[in-house]
Amino acid sequence: MILGVSIYEILSLTTILFFIGIYGFFTRKNLISVLMSIELILNATVINFVVINKYMFPEKLEGAIFGIFIIAVAAAETALAIAIIINLYRQITSVEVDDTTTLKY
Amino acid sequence: MNFSYTILIPLIPFVVFLILGLNHKRIKPAVSGYIGVFGLMASAFLSYFTAYKYFFTVPKIDGIYQQITHKTVWMNFTDTLHIDMGVLIDPISIMMLIVVTTISLLVHIYSRGYMKGDPGYTKFFAFLGLFTFSMLGLVLATNLFQIYIFWELVGVSSFLLIGYYYTKPSAIIAAKKAFIVTRFADLFFLIGIITIGFYTGTFDFETLNDPTGEVITNWASTSFMGLSVLTWALILIFIGGAGKSAMFPLHIWLPDAMEGPTPVSALIHAATMVVAGVYLVARLFPMYYFIEDGFALNIVAYVGGFSSLFAAIIAITQKDIKRVLAFSTMSQIGYMMMALGVSGYDGHEGVGYMASMFHLFTHSMFKALLFLGAGSVIHAVHSNMMGDMGNLKKYMPITNITFLIAAFAIAGVPPFAGFWSKDEILVAAFEYSKPLYAVGLIVAGLTAFYMFRLYFSIFHGKKTAYKHTPHEAPASMTFPLLFLAVMSVVAGFIPFSNFVTANKEPFEAHLNYPLAAIAVATGLIGIILAYVFYKNPTEYPAKCRKAFGSFYKWAYAKFYMDELYFFVTRKIIFNCVSQPIAWFDKNVIDAFMEGIGSGTLKASEKTKKMQSGYFQDYAMAFVGGVVVISIVLIYIFKN
Amino acid sequence: MDILSLFVVVPVITILALFLAKGLKQSRIVAMAGSLVQLAMAFHLVYAYVKERAINDDIMVFMRDVVWYEDFNIHYAIGVDGISVALITLTAIVVLAGVFISWMMEDLPKEFFVSLIVLATGVYGFFISIDLFTMFVFYEIAVIPMYLLIGIWGTGPKEHAAMKLTLMLMGASAVLLVGILGIYLNSNADGGPLTFNILEIAQVNIPFAAQQLFFPLTFIGFAVLGALFPFHTWSPDGHASAPTAVSMLHAGVLMKLGGYGVFRVAMFLLPEGAMDWSWFFIILSATGVIYGALGAVRQTDLKYINAYSSVSHLGMVLFALLMLNKTAWTGAILQSLSHGFMTALFFALIGMIYGRTKTRDIYKLGGLLKVIPFISVVYVIAGMASLGLPGFSGFTAEMNIFVGAFQHTDMFHRVATIVSISAIVVTAVYILRVIGLMLMGPVKSEFKDLPKVRWYEVTGILLLLIPITALGVAPLWISDLIMESIKPFIQGVIQ
Amino acid sequence: MEQIIFYILAVVIIGMAFASVTSKKMLRSVIYLLFVLMGIAGLYFLLDYNFLAAVQLTVYAGGVIVLVIFSVFLIHHLEMELEMANLRKKIIAALISIGGIATFLWVIWNHHFNVVENYNAIEVRDIGLKLLSTGDGGFILPFEVISILLLAAMIGAIIVAKSNKLTDKNEAQS
């Protein structure tokens, strides 16, 4: 627990962080930037896990462990994503979202 | 008395039709002519035999000729209402049998000469067979529906024969017109039949025509717009008859029908089919007479009278000989209709009925003769127009004589056949209504005039230079002429009132001398006028034409009836109904249905833009959706 | 194997055999053999039916019932009465004629015949089913090959036509499905189990409110296939693009499914709804009768003329069904048969003319009577039959309809009847117009020598022409056969 | 004191996050992100989750960010201006985000959390035991799964990134 800081404030912080990530995810046109936005989102989530664990169930460890898992998965995901991005760059010499619209209609 | 063999009378021509029609490529023309002629000969013989047997061997009950029927159910409508097929033998059907088979036989013989060398020779005889079959079926019909069935078949064989020269546009149009106009009339006929069937529960003539029966005595039990429903039905049926018999205003097809080969005109459009309407009214005469006290019969009388006058006036002005004859036919049929209309029922009161049938009989003889004679002339001159003819008596003596006899007969000069029948009609009309009598008299005069105008312009008059010298027709064509000429003379002496009467009870008819004298005088005046005008080329016709001015023009244009119909059908029905419907179908109904389709397409075209391929857009939609749904859920579950 | 299931099995065997066939020559022989067997079966069925009917008094005979999907009580239930027997015979004849007419189908012959026979299977199945669900399934089987047949083997804007036709019919089946499910869900009104079986439902008194609600759905669902005005527009486009044999089968057989369905499902199961709604549909169908005829007058494409003529004639069928009496219903069935043969004949002839002249515009054609006399003469005969000439099937049917329609004495029915009757004049106009322009007249130079008619064409034509004449000349036995079968149905309405 | 640190951290995190998603320079954006991650690590320290904070720092700040920076180096010129979405899209995204924030905040602030007063720190040992525990509530299975996942991801990343052959083939085709 942080002295003088209620769970509401921390959750508000994570919410804002989460939606900043969302905003970035929507507006960025570069794949790497999009990836970074995803990191923001994930981090916001991890904080939530941890905070709720801390504030409401201090005897338990699940929140923290999940946080670790998420970080691990996020790392793996980032590694893969960057591999894909680099590969993509090799193929089309671009990592812009505009050039990867094969899902179109 | 067993008369079931009479079924053979129509069936023989039908078999001829089948044989010739199915094998028309294989049978040689010479053979097919003989097949037709012999078939008809058999039919004719059978009908003569039937006439003899019926009139002279079947005993009359209470002095009334019996009606003999043989029939079998053909189709069931309801438990009580059904169509029968069969034969009905009574005086008028026998008379019609004789007329039809005789004329048809003569036309068959005549056609062997007339159609010689025609590529469709066999087909022609096949059609003649079909027509004869249908007409005989009509004549022998035992009920209204059977008559309707054969009525239609007659119509279609008429269509086929008018359109016989099917590569000629005018023939096609004429055939179409004939069929459609009569079909239009048949529509009313059909409605009339169904009405009668519904309200009386039967189509059968025997039941319908029984003067003491349920149908006739109960006519007042139903009413529609002030009249008995049965009266309406009879009027509708008369419209059907008027269509086939070319009564005003449904006559417009008849003059055009002359596009067919001349023997066809003689058979169908002069002697037999066109009198079907008269026959129909005569067949239902007790109904016409008793129901609503003869209201429908009055209409018959006036329509007949008017048509007769109307046609006679037009006939004077026409230049095509076959059209003159066509209008003459129409006029004479109007006469018959009028005679039926003015007739009473019992005994001597029924003289109009008798006269009508008598006139039908004699008319068929001399009108067929006139047509066949005209055919012979056309055959020789290769033209229909009076202007191309003249002084033919020199080249065609037999045709000349026979034509003259026929002209005398139709003009009502004693002792030729027309005189006797026409006289009876005038007597009946005189007793019934003076205006109709006057009409009849005027028509008699006009008839004599235009007939002799025709005669003189063809056989006398100016000396025309012919490209090919006309010559008398071959024996196969002159024999029918001579035969019919004899008939035109002697037919009048048949004591018709002994055989055919309204109530089937023979009576003694005798000449009404004053009236006969007036009629003959009128006829003679007409003939003399024609002699003066047309014996040699004179100025009079032109002067008269001028004197009548626009009236002449109107009459020459057949009072613009064709144009009127043309206007109604082409301009109003086609352009104002059919065209808009086609437009409506395409631009409203179909467009609406297509609109559903293309609307969906357009909507999808628009919405597919959302499928932009940018994963961010999908994510945006997803998150937006989550947010919106959350808000909605929160709103709902807040409380 | 019972006598009715064979009608589904034999076409399926034919289809399997067709898969083994190679090329046009083999596939057409196989298709012909299959259709011939079906025709023989149809004749045998007529014979067996007449024999069975003499000793069996049930509504349906040759019944058979196999559970198909138990949870919803769906059965493969089959049975026939005189009406279905007549229509099955019609189908068999038209299918065989269609095979003959497609004798020279160069394009993917195997697939063509397969689709054709799939269609026939659906139609047979539809006619023998007495279970609503099975019926619906067969209905869909019959409708769907249409898309392929028009889309692949058609001419002109075929994709559009095929799409339009299929979509409109699918839309109709959607409505129909709602109607059928509505009937199904109300089939326990008397306390019994839910059922799709027609005969069982007929015993149930479905509540009036439900009848009122589901009758129009069922009626429209079927009647769209019967070209009910204003849902007829798929038919002209569809026919114009379809290949000959498909037009024949479609107009000749498939469109009959509409009238049959209306009769067997809508009228039989929902009689009160029918009475309640009849005025509305009478207006539509009578409009369709005269409207189709007038529409045909102005068309120039032979197939369009015929399609509109079908709208008119089938409008007559629906009109007659709505008259709700025995005579009119007999007329309706007769008209279905008659129209089936006639229109199939027409389309066959049009196909032959088109195949020779490469045009269907009546203003471009002319004088064909001289060049191809056989086809032309048959065309005239078919035309005469179509305009209701006595001696042909159209006449007997129409007279039954008119006499039946006249049994209603009120003004509304009278007017509607007279409007419908007056269509016969308009029919004469457009038939004669075609005959006058196309067959008669001077021979045009470009059509001076057209190929002679071939044996398979003659066979196809005669197959259709003979029944038309037979029905017209001796209608008594068939009309009695039908009337007999109608009796149980009419009782529902009279009550 | 802790309150003040928290607010400073919060401002840093949000400010840097915002800068990270709006910056037009790629590398700066990455650096901003680094600050965000470090701020979050600070938050964990504040919450007495020291191990987690360490993991956050090593994995994220140390691993991921470096990976990202390298890839940026591979792909971009350093001073390249990033292309941004058009204004309309930005506004819609902003609206959705603000709507989402509003909804979430409303929910959070309207919810009563059962907060338990406590100040006990979590030992690394506890986490390790819990992770490897095979007993009740033990995380051995997820742990193993994660390790396999990481392995798979690693191999996958190598294969994807090194698929020269595929590239050659594609180029040859095109």
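Which chain is which? They are A, B, C and D, in the order written, and residues in each are numbered from 1.
Here is the rule we go by: a residue touches a chain if its C-beta (ideal position, glycine included) is under 8 Å from a C-beta of that chain, and two chains touch if they have at least 3 such contacts.
Bear in mind the structure is a predicted one, so any value in this text is a computation, not a measurement.
Engineer: By the contact definition above, name the pair with the higher C-beta contact count: A-D or B-C.
Structural biologist: The comparison resolves to A-D.
Engineer: Whole-Å distance, chain A centre to chain C centre, using C-alpha means?
Structural biologist: 65
Engineer: Based only on mean CA positions, could you tell me how far chain C sits from chain D in angstrom?
Structural biologist: Those two chain centres are 70 Å apart.
Engineer: Between chain A and chain D, what's the gap in Å when you average each chain's C-alpha atoms?
Structural biologist: 5
Engineer: Approximately how many whole Å separate the CA-defined centres of chain B and chain C?
Structural biologist: Chain centres of chain B and chain C, defined by C-alpha means, are spaced 37 Å apart.
Engineer: Of all residues in chain B, which are in touch with two or more distinct other chains?
Structural biologist: Touching at least two other chains: 616, 620, 623.
Engineer: Which residue numbers or ranges of chain D touch two or more of the other chains?
Structural biologist: As it turns out, chain D has residues touching two or more other chains at 85, 92-93, 96, 100.
Engineer: Listing for chain A: what residues touch at least two other chains?
Structural biologist: Each of 22, 26-28, 98 in chain A touches at least two other chains.
Engineer: Chain contact topology under the given definition, line, ring, star, complete or other?
Structural biologist: Per interface graph, the chains form some other shape.
Engineer: Residue numbers of chain C touching chain B in their complex, please.
Structural biologist: 163-164, 167-168, 229-234, 237, 291, 294-295, 297-299, 326-327, 367, 369-370, 384, 387-391, 395-396, 399-400, 402-404, 406-407, 418, 421-422, 424-425, 428-429, 432-433, 436, 439-443, 475-476, 479-480, 483
Engineer: Which positions of chain D touch chain A when the two form their complex?
Structural biologist: 1-3, 6, 10, 13-14, 17-18, 20-22, 26, 29-30, 33, 36-37, 40, 43-44, 46-49, 51-52, 55-56, 59-60, 63-64, 67-68, 71-72, 74-75, 82-85, 89-90, 92-94, 96-98, 100-101, 104-105, 108-109, 113-120, 122, 126-127, 130-131, 137, 139, 142, 146, 149-150, 152-154, 156-158, 160-161, 163, 167, 170
Engineer: List the residues on chain B that touch chain C in their complex, please.
Structural biologist: Per the touch definition, chain B meets chain C at residues 73-78, 81, 83, 145, 148-150, 152-153, 156, 159, 163, 166-167, 169, 171-173, 175-176, 179-180, 183-184, 187, 190-191, 194-195, 197-198, 574, 577-579, 581-582, 585, 589-590, 592-594, 597.
Engineer: Okay, in this complex, where on chain B does chain D touch?
Structural biologist: Residues 616, 620, 623-624, 626-627, 630-631, 634 of chain B touch chain D in their complex.
Engineer: Note which residues of chain A are touching chain B in the complex, please.
Structural biologist: By the definition above, chain A touches chain B via 22, 25-28, 34, 97-98, 100-105.
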